[in-house]
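One chain, chain A, links the two complexes that follow: it is found with chain B in the first and with chain C in the second.
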Partner chain A sequence: MRRAIRAYAPELLLVALIVLAAMWSSTLSPYFLNAVNLLNSAQFFVIFALMAFGLFPVVVQGEIDISLASTLAVGAVLMAKMSVAGIPLLVGLAITLAATAVLGAVNGVLVAHFGLPSLAVTLGTLGAYRGIAYLIAGDAGVTGITPDYLLLGSSWVGIVPSSVILALVVAAGFWVLMGRTAFGRYSYAIGASPGAARMAALPVRRIRVSAYALAGAMAGLAGLVWVSQYQSARGDNADGAILFVLTAVVLGGVSIKGGTGKTEGVLLATILLGTIQTGMQLANVPGTSQRLVVGALLIASIGAPRVVHLARHAWTTSRRRLSPTAVAQD
Partner chain B sequence: MTGDPRPPRLRISRVSKHFEAVRALHDVSFDLAPGEVHALVGENGAGKSTLVGVITGLLEPDGGEVVLNGRPVHFRNPLQARAAGVAAVYQDPNLFPHLSVAENIATGRYPTSGPFLDRTTMVAQARARLEDLGFPLDPEQLVAGLTVAETQFVEIARAVDEDLQLLILDEPTSALTPGEASKLYDVVERLRAEGTTVIWISHRMEEIRELADSITVLRDGEHVRTAPAAELDDAEMIRLMVGRSVVLEQVARTEPLGPPRLEVENLTDPGVFEDVTFSVAEGEIVGVAGLVGAGRSEIAQAVFGLSPHLSGEVRIDGEPVVPRGPAAMVERGVAYLPEDRDAEGVIASMTIASNIALPSIRSLSRAGFMLRRKERELAARERTALSIKGEIDDLVSSLSGGNRQKVALARWLATEPRVLLLDEPTHGIDVGTKAQVHDMMRELARVRRMAILMVSSDLPEVLAVSDRVLVIARGRLVADLPIAEATSERILTHATAGAAR
Partner chain C sequence: MSAASGVVARFGLAGGGAALRVRFIGVIVFQLLLMAVFTLARPRFASWDNLQSVLFTAAILAMAAAGQTLVVLTGNLDLSVGSIMGATAYVVFDLTGTMPALGPWVVLIAVLIGLVLGAVNGFLVTTLQIPSIVATLGTLSVYRGFVSFYANAKEVTVGELPPWTRSLAAARVLGLSSYVWIAVVLVIAVGVMLRGMPWGRELYAYGSNPRAAYYYGLSSTRIVVTGYIGAGIIAAVVGLLLGAQVGNINSLLASGIEMQVLAAVVIGGVSIWGGSGSVYGAALGAVVLATINNGLVLLGVQEYYRLLFQGLAIVAAVAVDALVQRRVLRATRRRSVGVAA
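Then we have the complex of A and B:
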């Protein structure tokens, strides 16, 4: 029991924080704590959740991808264009996923095969992919999306929005991927020790490129959700969303240095961030201040392990200093 | 304790230290006299490193105290210890690679003129100190370009200053050539003459004999004995260390050798090694001796597919293979145990089971999904076979060096290799585990019919385990000696003769 609590301590903490955030939100609006309302708010975080799941294995491997919001924009405008061109939904989705996976794989190849630092590489493609999205969409963006492309954002299963179900299915998929497959095992090994992974003859480059391609495809899938919810697509879609996405991943307990983190944590952190953001909207906090809060949370979650470590050290030191033998020494 | 009016240089008094449930030091007490060389010996996990940590302020003891020159001290970090004249030099030098030798030596005490760094003085001081110690180093050279031995000299030069009271050297010669080691002996003898006390931690009997005035033996975190060096002979010292007597002995091979398993012809990696040709037969253990930096590890790594600029031919069981990468070589039945156990041999933050399964994941998964029961069975089997301490769900970080090495070996044995490349397989491992590893190697070669290539700087080990000894000097194979003709003297002669241009 104790062992289980210890193993899931970060997740339990997230659950507690979600409850607190929900209580705060419910004091702001009597409508907040209502199943239908909660689920309808949740669908606006599906886009972030899909991107966070995609980013998760990349961070576990000790790398980063900040270009994903631009990849989403490419995915969204591609989907919109194909909808307008009359291409059936599934064909359009397949093409979009393939294209965004290629964009992700380009990042992966630059990082894994050319040994370039992932932050710099994906900062470059953040700009480049955004440019591609503008080129495809044109200045005015794309509107007049056909109903089949809108279905995901405008249908419910019972009281649950379809896109929320999609996010949960994807979460389950990542739980299996990271916990039960060779890819997951390789990812944790590579993140924990790239040198040892190479010496153990693991296909390090292939696994890295796969993770980036998967992250790109997840951003493409998020692009579909975007089009279905906003019924249009433009080159500047989701600009800046990477802040929220990376915060969700790190807040979920995935070490920015790689090697650790669970799918459950990423899901819970996304829910927590969603609850906080919804609460801030109810409290009429301006959008700029919301970004300040999310940014501060990112730094706090990166800093938390360090703070815990220092606090623990200070605690043991002070206990020592108070013990009789130590006093006698001084 | 006696009527000596001088207080001991350092008194360790009833020091204890626990890590969670593990008892690293228990009620350890002994004295170090001023101006003596004091050897600290014990198996891995005996508590030597912990004790050094406690002395230098890296670790806080749970109980007991450290008394320097009659006054209890309570260093909170190694910087405070250094200010009080207590310095430690570790096996793995801890320097700034992008800075020059002089800058490294002056770290924290940069000479300045006004707000500016006084480079001229800094370089002059460093040069004077290096010359004084007899280390032939250019103070303006970057540390990144130095050999391991040279970086160690820089560390020592940094530690040695006027008011040095106590210098701790943790396995200082493990990466040094005999010539470099004797230079270090000279420095230690000079420090002793000047009244500095030196703690010398080592696994090598011959250097303890040569240098130590007194010896302290630790075992399982407890103080076993402190005695003048003359009162402890080698056999007694080993017996105190392990609690039983251990000898590295040859075990005669009765099984015949098979056909060549690994053949290497004209293997060349420009600037690293050239024109190396040898073979290892089924059931044979071939030792690779030579000086550090001669290119021995690089040859083993090249066979494992880690050298991009390789030419020459490699054959496994008669079939030519191109060592394009580790994955390809593992598929051909080659395994490589790296020297740097913690950075490359194991993943300390993962469990024993995950570590053992790592290179076998392809055969432990179906359509990409892990077969968890098979994985656990495999891990449990290898754990038992190699008598690894700890459960398969324990983290490797909780194991001692010897057990980590067993995990690193177990993961490869699980792939059932035909050719096993071992790079310093017992580096930094205690005497007892060492003998176990040797027995294991013999069984792998003789019973499981593997071809084993063992790179080792430990000559008694090379002589005890090998069927044949290759000597590498300056990237060339200079001798191929049957074990009957191999002696320490002959190997060293080849290794050093080849080293002189």
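Then we have the complex of A and C:
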């Protein structure tokens, strides 16, 4: 029992925080704590959840991709364009996923094969992919989406919105991928020590490129959800969403230095952020001020372990100074 | 890898240093090419009026890029530069609206704000050991969120700005905007500090090889934090200048400018790995970027081509830097083998 608690300590902490945030939200509005309302609010965070799952293996490998929100925009405008052109949903989805996977793979090749820093590369493609999205969509954006493309965002299974089910299925998929497959094991190995992974003859480059391609495809899938929920697509869709996504990943216990993190954590962190954001909307906090809270959470979730470490260090050194035996041991 | 440029500093410009020099000359050639192409396509590009406007855009960018250089030299990044500019401009000019007696002291207030915000960035990166991209992505939204919270959807109008800041923004000296001269002075001042002062040398030493700098007895925390503070102060002052020029300031002033500033720095040859490059290169990068922006507008090209071009330019510049670095590394290795023999 104790071992189980220790192994899942970060996840349990997240659950506790979610309960706290939900309690706070329910004091703001009597309508918050209601199963139908909760599930309906949840569908607005499916887009972020899909992107966070996509980013997760990249961060586990010790890299980063800040171009994902731009990739989502490309995916969304592609889907919208193909819907208007009358292409069947599944064909359109396949083309979009392939295209966004290629965009992701371009990042991956530049990082893994050319040895460029992932941050600089994806900062560049963040702008470039956004430009591509505008190029496809034009100034006015795309509207008049056909009903089959809207189905995902406007249908329910019982009381659960379809998009929420999609997110849960994807979560299960990533749980299997990262916990039960060679790709997952290699990802953790590469993140923990790229040098050792190379020595062990792991296909480091291929795994890196696959992770980036997968992240791109997930952003493309999020683009489908975007189109189905907002019934339109524009070049500036999801601008700045990477802050929320990256916060969800690191808040979920995925070390930004690579090598650690669980799918459950990412899912729980997304739910926590969603609960907080819904609460702030109930409290009428304006959108830009909500970013302040998310940004602070991003910094706090990475900085907190270090603060604990520094505090513990200061505590032990001050105790050592006081106790003469400890000094003698030094 | 980053050890290479440190070795270059020791051996002077010989060997691999030639690659760095070629890199700098390459940017100048690229700039001349751009000007030639734009002039041929649109003769209006070469008109004095237009060149003035290019230089004005370049001045703002070059100043911000000079600040960013201080951070990039240490191997870090500052994505919060646009938020610092916006926050300073809004808060300071909001204050002058209510307290006109402040006079030129507003510059001091701006410097203080920049110092604090930069120090926070430095603290997060050094003491809390948060990777700079993540830390400053966080402060980008925290600082911006703070302004929008503080502004509460209101605008600072032109009337609230002190008249002298407005006349400074409109002033011309020797036919060029006063901002161009301020930028020239600032860039040279930072350049001289980087070259001549111990602090500047420490930035290079730390950036090119953090571990060697540590063994040498340099405090990494102090170097990185002062880099961020310098960048914060410069960003704050640039924010003030930009605000004075814009006039009506809302909480979104200068948002998204970090992409352009980083592009200028990287195009100008300041290595993203740290320890190599100069503030003059960064300023040159700003001129290149301003030329591209202006030329694309004259050509009647849509705004999004600029995004595309800018993003590709960052990737290309970083790729070229990786090549240059490999060259430098190979040259120094050959040299050290020669020394050993």
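List of remarks:
Note that the second predicted complex is superposed on the first by the 313 of 330 C-alpha atoms of A that agree within 3 Å, B and C clash if a C-alpha of one lies under 4 Å from a C-alpha of the other, contacts with A are read in each partner's own complex, and residues count from 1 in each chain.
We take it that contacts are C-beta pairs under 8 Å (C-beta built on N, C-alpha and C of every residue); 3 or more make two chains touch, one makes a residue touch a chain.
Here the structure is a predicted model, which is why all the values come from computation and not from measurement.
Within the superposed three-chain model, A:Leu246 lies in touch with chain C and out of touch with chain B [touch as defined at top]. In the superposition on chain A, A:Gly259 makes contact with chain B only, not with chain C.
In the superposed model, A:Val160 lies in contact with neither chain B nor chain C. Legend: residue contacts after superposition of the two complexes on their common chain; A:Met199 is shown touching chain B, with no touch to chain C. Looking at the shared chain after the overlay, A:Arg185 reaches chain B, while chain C stays out of its contact range. Of the two partners, chain B and chain C, it is C that touches more residues of chain A. Judged by the touch definition given at the top, the superposed model places A:Ile302 against chain C, while chain B stays out of reach.
Within chain A, no residue touches chain B in one complex and chain C in the other.
The touching residues of chain C, when paired with chain A in their complex, are 77, 124, 127-131, 133-135, 137-142, 144-146, 148-149, 153, 251, 259, 262-263, 266, 272-273, 302-315, 318-319, 322.
Across the interface of their complex, chain A is touched by residues 60, 63, 65, 72, 74, 325-327, 329-330, 336, 338, 340, 343-350, 354, 357-359, 361-362, 365, 368-370, 372, 411 of chain B.
Contact residues of chain A toward chain B in the complex are 176, 180-186, 188-189, 192-193, 195-203, 259-260, 316-317, 320, 325, 329-330.
Of all the residues in chain A, the ones that touch chain C in their complex are 64, 66, 110, 114-117, 119-121, 123-132, 134-135, 139, 235, 240, 242-243, 246, 250, 256-257, 286, 288-296, 298-299, 302-303, 306-307, 310.
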